Structures are given as C-alpha cells and as structure tokens.
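Across the two complexes that follow, subunit A remains constant while its partner is subunit B and subsequently subunit C.
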Partner chain A sequence: MFAYVVRRLLQLIPTFFGATLLAFLVIQLAPGDFVTRLELDPTQDRESIANLRQQLGLDQPLPVQYAKWLSGILQGYLGLSLSYKTDVWNVIGQRILNSMVLVVLATLMIYLIAIPIGVYSAIRKYTWPDRTFTVLAFLGLAIPNFFFGLIMLFLAVWLNDLTDMRILPIGGMTTEFIHLGNLTRAAQLLFPFALLGTLVFAGLFWQRSRRGQAATFGIWVGLVLFGMSTLLMLAPLLQGPGLPERLPYTESPLWARATNVLWHAFPVVIVVGTSGLAGLMRVMRGQMLDVLSQDYIRTARAKGLSERVVIYKHALRNAVIPFIAGIGGLLPGLIGGAGLVEVTMAWPGITPALLEAISAIDIYVIMGLITITTVLLMIGNVVSDLLLAWVDPRIRYS
Partner chain B sequence: MKKLLILGMLALSGLALAQPKVFKGTEPGRQGGAYRITAISDPRTWNPFVARETSSTDIIALFLPTLTGYSPYTQAPEGNLAKSWEVRNNGLTVIFRLREGARWSDGQAIDADDVIFSATVHADQRVNSNSRSSFILDGQPIRWTKVDQYTVRADFPKPYAPALIQGWYIVPEHIFGPAYRAGVQQLQALWNLDTPPAQVVSGGPFKLDSYVKGERVVLVRNPNYWGVDERNNPVAYLERYTVQIVPDLNAQLARFLAGEADTFSAANADQVAQVLERIRGNRLRAEIFPNADVTLGTNFIVFNWNHKDPFKENLFRQVKFRRAMAHLMDKKSMIEVALGGLGQPQWSPISIPNKAFFTDDVVKYEFSPQKAVQLLAELGFRSKNRDGWLVNSQGRVLEFNLVTNQGNNVRERIAQIFRDEARKIGVKVEYRPIDFNELVRQLTSPAADGTREFDAILIGLTGGIEPAFSRNVWELNGSLHMWNLGAGGKNPAKVEAFEVLIDTLMKRGATTLDQAQRRQIYVQFQKVVAENLPIIYTVAPAYNPARLTRLGGMFPKEQINSITGQAPYIETVFAKE
Partner chain C sequence: MLRRVQRNTAPKANRSFFQQAWIRFKRHPLARLGAAVLLVFYLGALFADFLAPYPEEKSFRDFSFASPTRIFWRDENGRLTRPYVCASERRRNLETFKVEVITDCEKGRYPIYFFVKGEPYRFLGLIPTDLRLMGGPWLLEDKAKLFLWGTDDFGRDIWGRIWYGARISLTIGIFAVALALVIGIFMGSISGYYAGRPVTFSIGILNPQFWAFIRGSPWYTHLMAALGLVLIAALLFAMGYGYQNFIRPDLQRVSTLALGALGLVVGLVLLGVILYALVWKSHLARALLWLSAWAGIAWLLWITVWGFWQSSRGLEAIIAGLIGAVLLGAIGYVLLWPRIELDLDTIIMRTVEVLAAIPDLFLLIILSVLIPMEVPPAVRFVLVVTILSFVNWGGLARIIRSQVLQLREMEFAQAAQALGAGDARVIIRHVLPGTYTYLIVAVTLAIPGFILGESGLSFLGLGIQEPATSWGLMLSKAQATGITAFTERPWLLIPGLFILLAVLAYNFLGDGLRDALDPRTKV
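So, the complex of A and B:
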C-alpha cells in the first residue's frame, strides 16, 4: 500500500511538467499577447508598445519564458500578473476563497438532497413523485446556469418590489452597510422558534437512541439545521443590542459578516446547486436500481430482513460507493469556481477573474490557476483511489 | 507663545485655502450623502504610472489631480491644480501657476516639485506610463522646469495646440520620489491593490477608504481638497463615493432597477424600455434620457491597400470602389437592427458629440444600391457570371472577405447588414467574425515585403475630444494608418494625394493655436476624409443615461453629453435626501 502511494506520487512529477508545458504552449499559440490590445489605442506610439513588450519579457523566445516561469514555480512563486503588477497569488487567492463558499455550500446541498431523492425515486420507480422528480431533474439540466442566474436576479427584484423589503440580494457577495439593528431584531424574534425546533429534534433523537434505534435522516437534518441556526443567533442576541444600528461591512463583527455572505450566497447556491442536483439525482437513482436488482438483495429479502434494513444497510451502502470514490474529484472543483453564474450574479469568485485574465492574455494568472488546478486534480485522483480501496473491500492495491 | 503662533498659523492655513478652484454646479447643493455607481471590472492598480485601463483611471481621477482639463460647459481648457497660465514665445512656452495652499490629504503641500517630479516620471521611457505621449512632440521631448514653489514652465519644441490640456496625474513626490530613485521596479510596485487604502494619499475630491476585491471600492470626501462652490463652501459635497463591481450588464441594470445604483447607461432599446416601465409603474424614482447623445466610439470598415494580390490592392485604392461600398451601407437598418433604434449615422472621423470640431457639412454617400452598381460598372464590373456575381472583362469576380471581432454583437450585425446588401447587387462578400487579437495582428503587422493579408476589416476606435491625439491614425507614418500602413514607422510606399493632404492638415491642426483657424482645418480634414473614404464610417451608438432623482447638481436634459456625462463636476453632485 505504502509503495503504491509513493509510486503514484512520483508519477505526478512528469505529469505536472507535461500538463503545464502544454498549457503554456496553448496559451502562447493563440494570436496576440497582453500588449496587442493597446495597439489599437491611437495615443500609443510604436516605440512605447515595443518598450512595454520588452519590459514585460514578452519579446523573449518561448522556451526562455517557460523556463523563467518554471523556476519561479519550483520556488513556490506563481509569477507576476501583467495587468495587476503584483504576485499572481494576490490576484487569485481571495477570489478562490470566495468561490469556495459557493462550491462548498452547493456541494453540500447537492449531496444532502440528491441522495435521498435518488433513493426514493429508485424505490418507488415510475410513481407520480418519481416522474415529477425526473421532470424537474431534466429541467435543471436543461437550463444553463448563467441564464438561471439572470432569472434569479429579476426574481429578486420582483420579490423585493412585491414585499417592499429586501428579501433577496441583487447579486454580489456583501453589502456596503450591514443593518445590525435589523439582524438583532430578527434574531430576537426567531430565536425561540429555533430553540424550540432544536429541542423537539433533540427529543426525537434521544427517544430513538433510548430504544436502541439509529436516528433517521430527517431527524439528523432537522437537528443540524435548527441547532446551527440557534447557535448562529446566540451571537447577535448577546452582542447585538450594544452595537450601532448600521455599520460598514468591513467594520462589522464576524457573525454579521458571515450572515451577510450567507444571505448573498443563498440564491447563487440554489442556481449552482440545481444543475448538479439534477445530474446526481439521476445517477443515484440508476445506481440504486442497479443494486436493487442484484441477487444479494433478493437473498436479503428472502431471509426475512425488514425492507428498511435491506435498503439502507445492503443496497444504499453499495450504491454510494461511486460517490465516495468521486469525492477526490471534487478537490480541483473547489477552486475551479462555480462558472458563469459568478459573472451574472456579480459574485467575486474566480470565474470573472479568469475570464478577464484570458481576454487580457495575462499569461501568468492563467498559468497560476491551471497549475493549482492540475496539482489538485492529481492529488484528488490519488485520494479517490485510496478512498475506493477503503470503502470497497473488493479492491486492493499492492 | 511660539507654539501658539504655530498652531494659529496651522489653523489659518487649514481654514482658508489661498486660491481654491470655484466649481460652478448646476444648482446650489448641500453637504453629505452617498453616490453609488457600478463598474464592469475591478481596478488593476492605484498607481497612475502603471494604470492602462479606464477601470483603474476612472478611480485614480477621483483622488489624483491634473494641471488642467476641459470645461464641462464650453469644452475649452480649464485650470485644475493650475489656477492660471501664460503663453509666451509664440506658444513655445507655457507658464502654469499652481494654487497656493493646496495640500495632499496627509497635510503636505502640493507644489511645483510634485508637478515636475510627476512629469519626469511620466516621460521616463523605462516607466512607460500610459501618458508618455503627452511629453513627446514629433520625437522631441517637451521640457518641464520649476520656476518657483508655485510656478512651472513647459517648453515645447514647436507650437502645440493642445498644450493647455495637461491631463496626466500628479503624484505626491514625498511618496513616489524615494521609490523612483531606488529604481523603476520599486516605483511600479507602489500603490498596488494590496496597499492599505489609508496609505494612498489624495490630492483630489475623494480619498480611498476601502477596497474589497471583486466587490466595491469606497472613497470618502477629502477634507483637504482645493475646491469650493460658488458660495465658498468646500466641495465635494458627497461624503461617500462607492464603485460597485458588477461584471455583467444585465446585472448592472438589475442593481439600478432595485435603486442600489444611482446612475446607469442603457446599452440598447430593451434596457431603456425596462427602466421606463419601472419608472412609469412608480417603482423607481428615476429619469432616463434615451438618445440624449451618441457615444464617442466609432465603427468603420477599412480596406487593405497593401494587399499581396495586385488586383485587390488596385481595386481597394480606387475611390469609386470605396464610394460604391459606402453607397451599400444601409445605415437606417444598421441603427434599427444593430443598435435597437438608438443611434446616429456617422459620415466623418470626428465624433458627433465633439461640438468644437464636428461638422455635418460633408459629402454623404447615402444608401443607394443603384449608385453603387453604376460606380462599379465604371470600374469595369458590368456583367454577372452564372452564379450571379459581378465580373470584369477578364472574368475576375468582385469578391472580398470582411472580418470583425467575435463577440461584439453590434459590429457583427453591422457587418451582416453590409454583407447582405452587397450580395444583393452581386458583390461577393464573405463575412466571418474572428478573434480580436488575430484581427489586430492582421491590421497592424505587415509581412517583410510590406503586404498585409486581410481584405476588409470592420473595427472601431475610441474617439476623444482632441483631434490632434489621433495623429497615429491620420499621419502618413502613423502606427494606425490602417488602410495604407508603412513598414517600420516609415511612410507607406505608395501614397495617394489626399493622404498627403490629410497628413498636412493633421500637422497644421496640431500646431495652430488660434481656435477658429483650428476648427477650419479640422472641418476641411473631415471633408477630405468623407470624400475619399480611406475609412468608411457606419453608425454610432446612442448614449442613454439614467439616474435616480435623489441626485442633485446634475445636467438638465439639453446639457447632457457623452463627453462629460450627466453632471458637470463630481464635486458639485449631491444627494437631495
């Protein structure tokens, strides 16, 4: 096992050089460079254009440019952004973190919703609920994210009009000013309900565990959601009354900033989540149907096990193996951003920055992102393989 | 006692600025309030020597001063940091007097040292500032020297008409000076986006307060600013200026519709309709001014006179051919289809909003396929072949490729309309959108023998207020003399008479100081271009500004123009509620 891991890690080295070289060549093969855009500016003379090319090192031969970049990478330096004149990490670091908020929340939402629905659809296949979910899934797959994002924006404007309140944000990730007073009052209003919900689910949990049963999925979800809300509301309850009515975002306490970002993330996560949800739901359903038709399920039923045990212990555990193995594949996706919806909904993620870098041909920003993604992809693959061996006893590496 | 005296002097200097600039607003304003706009992309830097794009300079302009600029009312030169000037030596020398008592936001005086230092750095070839061309005139440097603490002097190698427009940014010498002396790299690393905003010193109406990447830039009022209103109250009125970064135009519209942005420029009729509908439904207290003006940008077709195919080169050099092509431009349909009904036809190089130089009195080759057919017949294209294409007596088909940059919907539609009209009379136009950078390469990079490969390109340039700044397009050896490009900075090998005339007019326009004479020169220039069509202009998109009614100090409808915008000065804009 150890030898296998070492071998896999060693294989990463040539793959890394190959992938980055290829990416570098592809970017350079495209016509034009960072300075091309300026050539159409009537106030720029030939001389200053040539000067700029020389200053940015764009006039050097490709192998030299690649070698320079590579020697930086080996020292952990991603290079200097041509348009921002600063370290590439400064340009993309914060944006990758911003994108991660979306990607993590959307992934959680997808897994938490898709797997139960997939299982349900498989067990009650061709019933009305199953058909409804199928139709919704295809709709979710068919609507492009960026378009759904725009619809969401106009929905937000419409909803805010209708209620004359700011129910949903009009894009963005934060607001300039946070109304701490409103947050505090909302917390005071909602806290009893959240606490009640938590107590109810905790009671259910306790009751089941006293009878020696595992808690159901629904109880888990209820407990986590209500519990989290209760904990989140503690901070404004305790701290809120002593704070001014409103403060600029940058000066607000952490809980207010977190709530603000979560509020802005809500519609975006729904948009990002739906398409992924739709796909995963169908895959889960297919997997489950596959497993349910296996001989060992028939055997399990034949020996008189309850349907619950058959489905959750025998069928589901086998059906989710591909998902667990896929977790490694999520790793590069974490920094890859949520796609064009970040542009349409003004989320300051990595996608708008990448698009800007590509259109300006800011090579080192593009290369920096590709490098990080490549490394994470390679590590993710190794992790996937190891996870697979861990969950599936039929697979052994030696 | 001595301490008291110094304190007293400090208080005095703080209270009474010796020579403030008086900003004449459109109405009396009041202090306070916030102004929120949207921008399509993040700034790249706060350093004016590094900045190359409007997303950066639009913000830098709020906190760094310039010597002079254009008056928003008359478009004549107006002093900013320079309170007055004096032209000597038949225009070869200009003496600028600075506002005494002007200070940076950190309390240091803004004086001649800052101005001379900034000029030196902008002119430095190693720095390669975007304003470098303001310091060179026909290859010779413009020399800036300090006369005394509040006087600077500029010496020009020859009389220069835009000499009074000095729009480059002045930086605090006490901050940039040490870095510059340590090396160009250190200078360029200053004031990048990771610099804490408090360290960015301001000499303009606002100063940086905070920046959240990808979200917003917040500026607050600079209490040390050297401006007042007509009643001697300090400006800017606004307490806070926020730039929200919204990379999508529809999302920008949504922000405006929700009342979260104070101004908006509608890009097409659809967006205008959405704003109007909301105003009429009483859900947004705003105003919109569709077709208030046209934008400075241009869209035109240029043919390649350096073609490697002698037949095409000869064809494109025929003025009759170019006039025929101009007759094929259905500008009415272009405005209807490509611009959504909002725009104006353009006939000559100076943009319509540029009132000081624009003339409408030029030859117009209006849409008329019959006249095009006739002109092409005069060139020998009289009959059609079996496929319906026009051919000459040698059987050569009249055909060319037209390209424009992919993704620009307006240009793509204009190109298609032109192609369709040309094909109707038998001119075989093949239209294809291509990558922008590839298009620029084809346009600006001739092969070793001086030939270029494209046939015709539909492209645009951003116009400006000063015609002399477009010399790279019109002078014979210009790097953007795009129809007939000389190799390596020399004149083209084969030049038509009218091109020489344009070259002469441009050079005379740049060195004539009398405004009336200058206008005459540029009027003639527009006539020559419109008649000979080295560049065939199409249509100019409309400027459709909108704003919330909570803003005061804005232009009334008649005064709105795409050069200045919706308000004369940002200093005199205020919030009514």
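So, the complex of A and C:
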C-alpha cells in the first residue's frame, strides 16, 4: 500500500510538467502578447515598447520563459500579473476561493440528495416515484448547465416581479448593501421554529439511543439541519438589534456577509450540482440494485433480519463504496463544470477571471489559474484512488 | 405432484447478430423516441432553407427582439379561416412609452400559404429553387412579417435560424467524434497492442549494438535514403513556396483554404510514404535522423539553460546551472552508451493523462483563442471541430486500448501472428473489428458531450461566430441583452431547449444501442 501511494504521487510530477508545458505553449502560440496592444497606440514609440517587453521578460525565447515561470512555481511564486502589476495570487486567490464555495456546497448537495434518492429508487424500483426520478435524472444529465442557469435567472426575475420582493438573487455573489434589519427580523421570526425542530429531533435521537437503537438517516439529517440553522441564527439574534438598518457589504458583520453569499450561492449551486446529482443518483441506484441481488443479502433476509437492517447495514454500506472514492473526483470535476454557470450567473469565480485574463493576454494570470485547477484536479484524482484503496479491502494494488 | 413443464420448442430462425440487435433495439421505446427526434432534427437541418421563411442572414433592424408574430385563425366574424397574420409596425406605445411591435389587422390581413414561392436559394448548395414551407406573396413584398418564434437582436427570424443553426450544432458533434475516433483508434490500438512489449527507442553510439544495427541494412538502401531525403527537402520547399505564393495572399476565400488543406494533407501523406518507403529501410539514415533529433533537444535545452542562467542571479542561477548541467550530461550519456527501450503504451497513456489533467473547459478556452479572428465561418467550423476532438480523444483511446488489450490475447489474434501477419495487419484486420459494437455505443454516448462543448464555447463567444449560426451562439443572445430585459423575451431561450432535446435524444439512443448490442441479452 505504501509503495502504491508513493508511486501514485511520483506519477503526478511528469503529469504536472506536461500539463503546464502544454498550457504554456498553447497560450504563447496565440497571436500577440500583452504589449501588442500598445503597438497600435501612436503615442508610444518603438523603443519604449521594446523596453517594456524586455522589462516584462516577453522578449526571451519560449523555453526560457517557461523555465523562469517554473522556477517561480517551485518557489511558490505564481508570477507577476501584467495588467494588475501585482503578484498573480492577489488577483486570482479570491476568485479561486469563490469557486471553491460553489464546488464545496454543490458536493454537499449532491451527496446529501443523491444517496437517499438512489437508495429509495433501488428499493422501490419501477414504482412511479422511481420512474419520476429516472426521468428527472435523464433531464438533469442532458440539460446544458448554462441553459439551466439562464432558466434559473429567468425564474428569479419572474418570481421577484410577481411577488415584488427579492426572493431569489439575480446573478452576482454579493449585494452592495445588506439589509441587516430584515435579516434580524427574519431570524427573530424563525428562531423559535428552528429551536423547536432541533429539540424534537434531539428528543427522537435520545429516545432511540436509550432503547439501544441507532438513529435513522432522517433523524440525523433533521438534527443537523435544524441544529445548524439554530446556531446560525444566534449571531443575528444577539448582535442584530444593535446594528443599523442597512450597511455596505464590506462593513457588515461576518454572519451577514455569509448569509448574503449563501443566498446568492443557492440557485447557482443547484444549477452547478444538477448534472452530478443526476449522474450519481443513477449510479447509486445501479449499485444498490447490484448489491441487493447478491447472495449474502438473501442469506441476511433468510436468517430473519429486518428489512431495515438488511438495507442499511448489509446493502448500503457495500453500495456506497464507489461514492466515498468519488468525492475526490467530484470536487475538481465541478470546478470545470461550474465554469459556464459562473459566466451565466455572474459569479466571480475562476472561469470569468480566465476569460478576462485571456482578453488582456495576461499570461501569468492564465497560467496561474490553469495550474491551480490542474493541481486541484490531480490531487482530487489521487485522493479518490487512495480512498478507494483504503475503503475497499477487496481492491489490492501490487 | 409433478407437473410436466410445457417447453416452447418451436424452432427459432437463425438470426445474425445485427438482426438480433435490431430486434432488441426496437423493443426499447425511449431509444426509438430518441432516434425519431434525431431524425426530425437532421431532416430539419437538411431542409432548413425550405422550413425557414427567410434566408439565413436576412435581418430586419426595425424588428429587433420582436415577439412571435400572432397567427390568427378566425376572421373578423369569428369564423374559422385559413391562418393569417396581420400587418405590423414598430412604434412607441403611448401608454407604456416602450417601443413595441404593434399588430394592426385593420391595415391588412395576409393569409399564410404552404409550399409557396419564397426567396430563391440553392438546396444543398447545388440545386437552385425557391420553394419554401410557409409564406405568400406578401412575405416577398415585405408587407407583413412572419416570425414564428420571434426575432433576435438583429431582427432575424429565430424559427428559421434554429434550423440553419442545427446544421452546425448537430453536425459538429459527428465530425468531432469522427476525428477524435480516428486519433483515438490510432493511439489506443498502438497503446493496447504494444503494452508490455517495449520498443527499442535509442542505442548509444559507443554501444556495439549500434554498429550492428547500422550494418544491418545493405548499402543500396543508403542511396535510396539519400534520394528520399532530397525528395523530402524538395517537398517541404514546394509546400512552403506554395503556401507563401498561392495560399497566404488569398486566405479569406474558402476555396483557397480548402486547396491549402488538401495540399497539406497530400504533402504529409507523401512525406510519410517517402519516409517509410525510402528512408526507413536504411539504418544509417535512421541513426542520422535520430542523432539530429537528439541534437535538436540538446540545443533547445542549451538555449533554455543559458537564457535562464543569464537572467537570474544568486542561488537560483547556481541551481539552474546545476540542473542544466545534469540534463545535458544525461543527454550526452544517452547519446553515448545505453540501449533504451520504451513502452509505447506508457508514453501514450501519460499523454492522455496530461490532457486529462487540465480541466476540459479551460483547455477548450485557451485552444479556441488560437483560432484567428478573421477566418471564414467554414474554417472556423473545422478548427472548432479540431480542438473539440483534440481535447476529447483521450477517453476514446482509453476505451479502445482496454478492448485491444483483451482481444490481442485471443486465440485468433495469436494465430494470425503465428501465421506471420504483420503488426498493422493483426491490429486492423483481426483486433479492431472486435471493438466495433463497443465503439458504436461509446461514440453515440460521446456525441452529446461534443454538442455541449460546442454550444458552451459558442455561448462564450469563442466557438462559432457571426454570421454563422449555432444554437449556443443564439442562446448567448438571451444574456447579452441584460438580465432585467430577460423576462420580456423568453423566446430567446428556445435554442437552449433544442440543445437539451438533441442531447437527451442522443443519450436515449446510446442507452438503447448499448442494450441492443449487448449479446448477453436474449432476443
């Protein structure tokens, strides 16, 4: 196992070099460079342009430029953004974080929804809910996510016009001003219900554990959801009444900013996660059906175990193995998939930054974005391989 | 009590594999639906000129974002009549103060006729005709408009452009998959066939095997190789000369470009033929080519190290110098002594991994920047196809490799080898045919990915561009007008619906084919 891990990690090195070299070559082969635009400017003379090019190191041969960039990367320096005249990380760091918000939330959504639905569809196969889910899964896999994003925006505009309230956000990640008063009042209104829900589920949990039974999946979900929302509402309840009615985004307290971003992320995450959700739902259903037709399931039923135990203990735990391994593959897969949605719904993530950098021919920003997503993707693949080897004792690597 | 089981022993007709597959396919309702939808779409794309009332680029600037033309079924007395449209004009609505297209039936009613004379076009680019599905004399005289699904920002009919766009959106997937398949089959079959059978890659000059290798070919082959090298030089010169003098001055014309592409292909094929037939036979020439390749690599490395060393200082310069020295030393060592055997499989699969390491969308985006801005639409189409297949051949190559790995161990492949068939013959005649059924399914399921890739690129404005049309490009108009104006023109979303339907249909078809071509399911 140790040898496998080491070999798998060593394989990443040539892949990394190859991928960055390919990206660098493609970017440099594109016509023109950062300074080209200045050449069209009649106020600039040739000499100063040549000087600038030399200053930025754009006059050196391609392999030297690549080696320079590579040596910077190995020292943890992504290079200089030509248009912003600052470290590339300052330009792209926030963008990558923004995209990661989407990706992490989408992953959570996919797992929380796909597994229960997949299991349900497998147990009740060929019933009408199963057929509905199948149709939805086909639609979810086929819909281009940028089209879905447009439909979501359409829905948001329509809903907001209809109710004359801002129910869904219309693009973007933050609003300029946050209505703290509204948030506080909403928290005051909803807090009793959240607390009640938490208490109910905690009671159920306690009751079952006193009888020596494990809590069901539903109880877990309820407890976590209600508990989380109760905790999240504490901050506005305590702090909110003392704050002004509305504040600029940058001056608002953390909880208000987080709420704002989450509210904006909600429709985007749904759009980003849909195709992954549809795919995993189908895989989960197939896996579960596979496992349920195994001999040991029949044995478990024959020895009189309850259907619950058969399904949750014997079947689900085996069926869910590829999913645990899939986490690593899903994260980076979503980075690329979120791209078009980010453009459509104006989420300031990686892809809009890439498009901006490309139109400015800011090569080191482009390289930085591609390198970081490539590294994330490679790490994700390795993690999923290792998880698979770790979770499933039947898989052995020589 | 025992009961006799009634066996159904009626003799079954012997059916070939594909007959059985066809029977299985017909039982799959969704697959039939998918096939039917695709048939309608492709026929629509073929007869786009017939379906559309207006030519592709016809625009009515006054009618930008006009809503779908209302079609009336009842005359002024409320009786059913032949469908007709009314005269419309663009003016300011005095109640809302918005500029609107206002329909006024008092100014004229124009019945819609079917199979009528419209603006002339050439069917399939060849047969001149003017038959169109809908319209009437009023349409040609421009007395009233017929926009079934509204218009876009330039006032172009969306219903017609959907079908014109289908030509690109629906064929791009097929062309791209075909190209990716060619690359994938080539790479995948080499990779699978030679997996675990390393090929000698280089032998050092001082190694006795090197001299044995050179002496392994008779003297006259060297003469042929010399002739071949001269021919190659002449060929390269001719290609360069032709490009400079005939192709480059006239790059805007499609015919010139096609000629250039044809010349390039013919030149490359000739190059390959000369290389294989004349040069490759001579081991001396091979060794010289190999040496010059190494010299090129060493030269590149030298430039890099030298340039780097000059423009850096301190520890960095020292480390760079050391690394450069080590690399150059390694090249020198390889050149001098060892015999290196490489697994082609490893190289190809590493390449696939490198391509897969960069997120597809980003690779597509940076590659699409390489397409020059001023090329004609036909060339842009070809280039978009090329980059789509360049990004996506890896998956197909992996599939083919795994199949070839299994098949090459089969008795029939072993037998063919034992009978003395060459590698190429074994791969092409014996191994690849075994992968066909598998490939048909893989290809059908890959096409929607290409369609989505193209529409995504065009949506970003990096793929197909005006004046050509594709569904992704049309969909981008929905957003270009700003989000608030969005709910007022929902018809701009229709192209997205068509992408969705096409992808869905291909997925259904692929699922059906997978079940149909699986020999384990019973008929």
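In this section, the second predicted complex is superposed on the first by the 346 of 398 C-alpha atoms of A that agree within 3 Å, B and C clash if a C-alpha of one lies under 4 Å from a C-alpha of the other, contacts with A are read in each partner's own complex, and residues count from 1 in each chain.
In this section, contacts are C-beta pairs under 8 Å (C-beta built on N, C-alpha and C of every residue); 3 or more make two chains touch, one makes a residue touch a chain.
Fair warning: this is a prediction, and the values are worked out from it, not measured in the lab.
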item	value
Partner chain(s) touched by A:151 [first = subunit B, second = subunit C, both, neither]	second
Which of subunit B and subunit C A:377 touches, first, second, both or neither	second
First (subunit B), second (subunit C), both or neither touched by A:27	second
Which superposed partner A:138 touches (first subunit B, second subunit C, both, neither)	second
First, second, both or neither for A:55, with subunit B first and subunit C second	first
Which superposed partner A:170 touches (first subunit B, second subunit C, both, neither)	both
Partner chain in contact with A:322 - subunit B first, subunit C second, else both or neither	neither
Contacts of A:192 with subunit B and subunit C, given as first, second, both or neither	neither
First (subunit B), second (subunit C), both or neither touched by A:46	first
Contact residues of subunit A, present in both the subunit B and the subunit C interface	30-31, 150, 153-154, 157, 161, 170-171, 343-344
Subunit A partner contacts - residues on subunit B that touch it in the complex	36, 41-42, 44-45, 47, 50, 52-53, 125-126, 128, 132-133, 136, 188-189, 192-194, 210, 212-216, 218, 242, 244-248, 250-251, 254-255, 257-258, 260, 283, 435-438, 440-441, 443-444, 459, 461-462, 464, 469-473, 479-480, 489
Subunit A-touching residues of subunit C, taken from the complex the two chains share	300-301, 303-305, 307-308, 311-312, 316, 319-320, 350-351, 353-355, 357-363, 365-367, 369-370, 372, 448, 452, 455-456, 459-460, 475, 478-479, 483-484, 486-487, 490, 493, 496-497, 499-500, 503-504, 507-508
Subunit A residues touching subunit B - in the complex, by the definition given at the top	30-33, 36-46, 48-49, 51-52, 55, 83-86, 90, 94-95, 98, 150, 153-154, 156-157, 160-161, 170-174, 176, 248-250, 343-349, 352-353, 356, 361
Of subunit A, residues touching subunit C in the complex	14-16, 18-19, 22-23, 26-27, 29-31, 57, 60-61, 63-64, 66-68, 71, 138-139, 141-144, 146-147, 150-151, 153-154, 157-158, 161, 170-171, 332, 335-337, 339-340, 343-344, 351, 354-355, 358, 366, 369-370, 373-374, 377-378
